[in-house]
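Below are two complexes that have chain A in common, paired first with chain B and then with chain C.
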Partner chain A sequence: MKFANITMFVTLACAIITTITFASPEKGLEIAIEADSRDKGFGDSTAQITMILMDKYGQSTERAIRNRTFEGDNEGDKSLVIFDSPGDVRGTAFLSHTKKSDSDDQWLYLPALKRVKRIASSNKAGPFMGSEFSYEDIASQEVEKYTYNFLRDEELNGLDCFVVEYDPVDPKSGYKRQIVWMDKSEYRVHKIDFYDRKDALLKTLTYEDYKQYLDKFWRSNRLVMINHQTGKKTELLFADWKFRTGMTQRDFEKSALKRTR
Partner chain B sequence: MITYCARSFAIFILLVQPAFASKVNGTLSSRLDFYPDHSKGTASEGRSAEVKIDAFHDFDESRIVGELIFRWDEKDSGRRITEARQAYFRSPFAGFDVFFGNRQEFWGKAESKNVVDVINQSDAAANEGKSGKLGAPSISAERYLDIGDLQLWYISNFREKTFNDSDAHPSNGVLVSSAQYARKDGKDADDFAVRLSSFAGDWDLAGSIFYGTARDPILSLNSNGSALNPYYALQKSIGFEAQYTGNVTLIKWESLHGTQSSLIGTHDFTAAVTGFEYTYYGPFETTWDIGLIGEIQHDDRPQAAANQFGVAGIRLIFNDIADSNFLFLASVDRKKDQSFVSLEASRRVNDVTSVKLTSQFYNARTATSAFGQLSDDDAITLTLNMFF
Partner chain C sequence: MSQKNSSYGEWILKFRFLVLSLITFVTLIAAAGAQFLYFDNDYRVFFGKENPQLKAFEKIQQTYTKIDNVNFAVDPISGKANAPEVLAAVEELTDIAWQLPFSIRVDSLSNYQHTEVEGDHLIVRNLYTGAMSMSANEQALVDNISTTEPALAGKIHDKQHRATSVNATIQMPGKSADEVAIVAAAARKMATKIEAKHDVKIRLGGVIFLNNAFLESSMLDMATLVPAMYLVILIVAYLLLRSVMATFLVLFVVVPSIIVAMGAGGWIGIGLTPPSASAPTIITTLAVADSIHLLVSMFNRMRAGHSQRDSLLYSIRVNGKPIFLTSLTTALGFLSMNFSDSPPFHDLGNITAIGVMAAWIYSIVLLPILISFLPLKSKATLAKLDDKMGKLGVYIASRYKSVLTFSVIISVSVLSLIPLNEINDDFVKYFDKSVQYRQDTDWISRNLTGVNQVQFSLPSGESNGVSDPAFIEKVSNFTAWAQNERVVTHVQSISDTFKRLNRDLNAGDPSFYKVPDTRELAAQYLLLYELSLPFGLDLNNQLDISKSSTQVIVTINDMTTNELRAWIARAESYLADKLDFNLTAVGPTVMFAYISERNIQSMLLGTLVAVFLISGVILIALRDVRLGIISLIPNLLPAALAFGLWGLLVGQVNMAVAVVAGMALGVVVDDSVHFLSKYQIARRELKLSAHDAVISAFNGVGTALVVTTLILTAGFGILAQSTFGVNSNMAMLTGIALVIALIADMTLLPALLIVLDKDKKENAPLIGAKEALQNA
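Right after this comes the complex of A and B.
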């Protein structure tokens, strides 16, 4: 009887220790910081993106956009998205200055008016170009935007992965939490489950076709976002990645928006 | 001259199109207008078409840009136009980006009216809202400084506001005669403008100075009431713009202060617009954006339709694949008991086609008020845009 109690105590203690070990905010943060530091130094990048939007019946429509990113030093990254098609939004450009601990600064260039308009960032949970990606999904991912919790180790597609919970700090986020699968060897994200504010599974994003650039920086060339609640799907196909192109801070100021082509 | 320039530019762009860093795009717009309250002898409907060619070509650090408009209207000669809205050469010089040629520029923060937007003349006959502008023939320079963006403008020729025919809409119903000017050089008088704009944190700020011919003419009937005489005053003004960007609310201010010299002497004036835009995302568990707009306009110039307007509006963005959106704006002048209501709805039909439905309604208690004279100009407009 005494032996049984001791066994039960040891089992319980092990279970508690195991839980503490594996549901670790410290380890979650360490993983996020390591992933962030491995992508430091890319300077700037450009890419061509084809966005394929599919409804639940499989009907699809395409958009063509270009992305330019400028790596921030103390502040977050700056990014510029230029719309090439469909025709009615051709020439529209979206500039975002990501902030690590504050709301992002965002401007929209409206080519018909030649107007640069500062916009509120309140709709970060809203769809980007009618797609299954929201504005916060396409924004630069800064370490300070989430709190973390390492959950477990798990194999995904034959890769040893960390599974980490990302909890958005901003109450305007459309998500209560995100569960992120990141491989242990290169700290590349392979899958994210997004849970809505009611903690129901909303979307799953998978990252495919990773390629390494400049012998250091990994970029996925196919992102697939599936909305489990609507049955809709959006794919982002990246092509023509370029790094350290010589763009400067000035190319990401609001005055540069109206010069964008 | 402008027609010649536009044609030459179009030919140039077509020739250079295969070169690297060049692009030519076009838009074909077909438009149908219906005028449900048209008075006898005026048009009950209108048909028009517009071709817009956008092009640019880069070489080294310089760029040539063109935006050419060819608009045909079945009946209204005032809407017909061949216009080089933009046709300029841009090159870096002494730390500035220098632009030579016709340019379109936008200054301002507000939604319902932009009193500080003084660079371009309005292509009012196009009735296309804020995008309906005539290119400003100019030499301008821009420089990005630590304190903000500096713009310097020299505008070499004055462009007169366009008017619809007297039997078209909107129109006061009488012919518009040749313009008169306060400045002795008339259309050849030079205009000058400077603007510095900047942002810090949640604030966007700008200040500007303008010396030149007022864009809006003072309209007066001739002695026998058969024609309107446009009179362009000399304007010396300073402009201020401010926008606070909160998480869900934008607060906006723009104002223009100065003097206007006309036949009746030199008078101080103030024109200002202030208000807010509140955006709420996801009402009724949807992915819509609802925007509420509230603004107050003040303008004590004789050209203004009223001294004060209160403006309220709703903007609905459905965030769907077709980019469907809807805008309702109502402007009310309680003093003269007149109002103007506009509705605008648009959506994409496919990747190369979009459709837009707009309607404008004028109400006025007295026929002599600004909107009273436009009481037969209520319009419902359907526009089909094709992009190539």
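Right after this comes the complex of A and C.
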């Protein structure tokens, strides 16, 4: 009994010391910067996305969208999402200009109205197309949007990973914190636990089926988001990745939205 | 028979140490089960797994976000609910309500997502922030939106600014039994914090507090009724026994009976609900009667000059059979509750049945052994009462014809009052006005919004069909129909959202407050809107994931179950006839609206089985078919007459009505068993005529019947004080039935016996004459 107590104390003490030693904001930031820099230079990319929404009881529904991304230099990335199905929103296009520190700029082109509407982007934590993803989950991840804290090293699915806490800077974020598992060799994110504002585990996102493009850029082809509180789930299946397709800055201007096909 | 009983008494005294250790051991084992007891505090426990309304409700809950909620109603105390100080309180409360455990959504005036358009810019934002420093324009916007916006007015905010609210939606993991208590405690803490800081009072309502009220009501009943019950037993027992020691001994029957019954409940895995939590009170009542019978007989014998030991053996001999019989019939009556559609009644019935049988064992095993260790003395007698009973017997026997006529007239007229009862299962009114939940909810229904929510899931028939203008138009028609209903305080409908978006995206032009022209337009508006909503304030509470159906939630004022059912039927037929939707309304209110009907249907069979079994027991015990059949009348009549009287005096009854008949039968049958046993002995052993045997029975058991009824009525009278209306209805009806049973057993039963139980000679003079001739 006594021995067990001592063992437990020593284990606990070690755990605490380890945490104190290694829970490091500097190292967290270094990892985030490294991950960001490893993805620099892809230029632009396009992909087809199938979004599968599932409720707790197995009912499901699908949506089809296309994604176009244009890499930013000093500013954040620009991205365009075009809706293909359901049919009644076909041709609707969602444009966002990620800002490093400020709120992102967002516009939506409504073909039925033949007008472009700017969206109040301070609300970015709501569900994207009724899915378990919010805009902030799928928006371009700029280093400046979080503060970081390296927590520990941990093995995940046989890969040596960093475990880093991401704390959103924006008070309008739906999250108090995110715990990110990133492999040490390629700096790819494999899993994120999202904690809501009351610090309860809300969602887990896993990145599966990574493929490397242009011998450099890793893209996951299957993202699975599980909501632990409602039991709902959303899968994003990516296909037909293309890089450096020759798109220009002008294709990502607000004025280009109406012409987008 | 008597030889066997006598040997039993001696046997048990001979091996008293062995028996004592054995019974202590068994008691401890059973008691250990109490550690597994827990409070089950979900109102859904009142509905069996097969309940069709529960199934329909669960299906809706799978499709849309649950409507389990905490409603923080803000009472402005002085001034109006749109005053800056009150709005500031709402703002702060909205903010901290997100911290409520298991909360997934918070809705209030401050975080209402107001839409406006500036040029090509769709602004979706909180209705207000920084309440204390709002401009006149901002205040005017709040005043206007809070009283005109369909999503808010009459639901979140009162149109006359008497109240406003913050509503937190809770998704409970359902992993542990104390989740409700955790949320309720956290919500109360938040309310206290806000009250300390702002000049407002917070009233707490919603499903979480309904569930919490079940929990607190059970605990309150256990904490107040059980001690009150003990006080009454001690007083009654002392008055009847006039011996401190003997009074103390009664506790040795009562306390272990309860412990064993609750312990067994724990072993079975029962969760305590207000009905099952009333089991200890009922067991106490029934257990005390057993021991009083035994002790009263013993003391009577002692006063006649016999030794304590002989008197004890005598008492065991004469009481053994009736105590067993009455315990068995009572247990059968309670077991009939297993037929109920509401599981909490199964638990009450099973726990009480176990407790009653345990009380029988403790009275017949433990009590005699304990008595054998103690010298007991009793001063008083009930001779006066005995004397009066004898006189009453003579009186009734001599006027049996008028007694019979009078009984028939009274019975028929009281029975005719039964239809005056209206069944009402307003679950808020289950709790009496001393319960905080009832006070707060009453305040909310007076000042803010109704507490009854009825949900309608309208299917479009195809994926993404909710954007079809024809479908939206139908939803809009139903919404308008419901809003025009006098009883409706609020309708939450997606058609209002579509109209608002159409108006706002057309530069706020009021003429565009209508359903969008094309499906594409509607779908794209919705997409735009969804992209603009903040965390938690999504449309999942109104749309299913494939956007094929939408949920319209209608909030209704206080009304009785009958009115509610009539309204639901009208709504359903409007949907079917005018809009071609064949669907049923669902929701907790709907479930409770049908609970009594379901319970009455299921308990009809249960009660019949109880009647059959209990009569069977009496038949076997009396070994006389004629007496058995005669006994049916005074046994069945009391519950029916109790309903009649109730109809005249109260008129409203809840789901307790279903279980009362079977339960009351099991309890009231005791009187007739005692009376008929004595009557039968007089007829068979003393060869008395029916007339004389009736008088003999009065002399023998009249006092005991009055005493037992007194104890039982006191017990149920205490349970009638329960803060939980189902328990108090059940107890009052049973109490009334008990008094009626006593009267019936002393008037109707003797009269019936004299009329119907004539000797064969009297009955068939011809046969008698033949026999006489043959003998001659």
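What we mean here is this: the second predicted complex is superposed on the first by the 242 of 261 C-alpha atoms of A that agree within 3 Å, B and C clash if a C-alpha of one lies under 4 Å from a C-alpha of the other, contacts with A are read in each partner's own complex, and residues count from 1 in each chain.
Just so we're on the same page, a contact is a pair of C-beta atoms (placed from the backbone, for glycine too) under 8 Å apart; a residue touches a chain by one contact, two chains touch by 3 or more.
For clarity, every value in this text was computed on a predicted model and none was experimentally measured.
**Student:** If chain A is used to align the two complexes, do chain B and chain C fit next to each other or clash?
**Tutor:** With chain A aligned, chain B runs into chain C, so clash.
**Student:** Examine A:118 and indicate which partner it touches, taking first as chain B and second as chain C; both and neither are also allowed.
**Tutor:** Both: A:118 reaches chain B and chain C.
**Student:** Quick check on the superposed pair: does A:255 touch chain B, chain C, both, or neither? Answer first, second, both or neither.
**Tutor:** The answer is first: A:255 touches chain B but not chain C.
**Student:** What is the contact status of A:172 with respect to chain B (first) and chain C (second): first, second, both, or neither?
**Tutor:** After superposing on A, A:172 lies in contact with both chain B and chain C.
**Student:** With the two structures laid over each other on chain A, which partner does A:246 touch: chain B (first), chain C (second), both, or neither?
**Tutor:** neither
**Student:** If we overlay the two complexes on their shared chain A, which of chain B and chain C does A:61 touch? Say first, second, both or neither.
**Tutor:** both
**Student:** Looking at A:88, would you say it contacts chain B, chain C, both, or neither? Reply first, second, both or neither.
**Tutor:** both
**Student:** Just checking: does A:198 make contact with chain B only, chain C only, both, or neither of them? Give me first, second, both or neither.
**Tutor:** second
**Student:** For A:229 in the superposed arrangement: first (chain B), second (chain C), both or neither?
**Tutor:** A:229 sits against chain C, while chain B stays out of touch.
**Student:** Go through the superposed model and pick first if A:103 touches only chain B, second if only chain C, both, or neither.
**Tutor:** So A:103 only meets chain B here.
**Student:** Does chain C touch more residues of chain A than chain B does, or is it the other way round?
**Tutor:** C
**Student:** Just name the clashing stretch of chain C against chain B, choosing from 255-263, 543-551, 579-587 or 597-605.
**Tutor:** After superposing on chain A, the clashing stretch of chain C is 543-551.
**Student:** Using the superposition on A, tell me which residues of chain A are in contact with chain B and, in the other complex, with chain C.
**Tutor:** 53, 55, 61, 86-89, 112-113, 115-116, 118-120, 122-123, 125-127, 129-130, 172
**Student:** In the complex of these two chains, what residues of chain C are touching chain A?
**Tutor:** Residue positions touching the partner: 62-63, 65, 98-104, 113, 120-125, 171, 173, 463-464, 467, 505, 518-525, 527-528, 530-540, 543-547.
**Student:** Show me the residue ranges of chain B that touch chain A in the complex, using the header's touch definition.
**Tutor:** On the chain B side, the touching residues are 23, 25, 27, 54, 56, 58, 63, 97, 104-106, 130-131, 142, 144, 149, 197, 199, 204, 243, 245-250, 279, 281-282, 287, 289, 319-323, 348, 350-354, 385-388.
**Student:** Which positions of chain A touch chain C when the two form their complex?
**Tutor:** 53-57, 59-61, 83, 86-89, 92, 94, 106, 108, 110-113, 115-120, 122-130, 134-135, 172-174, 196-198, 200, 229-230, 232
**Student:** Residues of chain A touching chain B in their complex?
**Tutor:** 53, 55, 61-62, 85-91, 103, 105, 112-116, 118-123, 125-127, 129-130, 172, 250, 253-255, 259, 261
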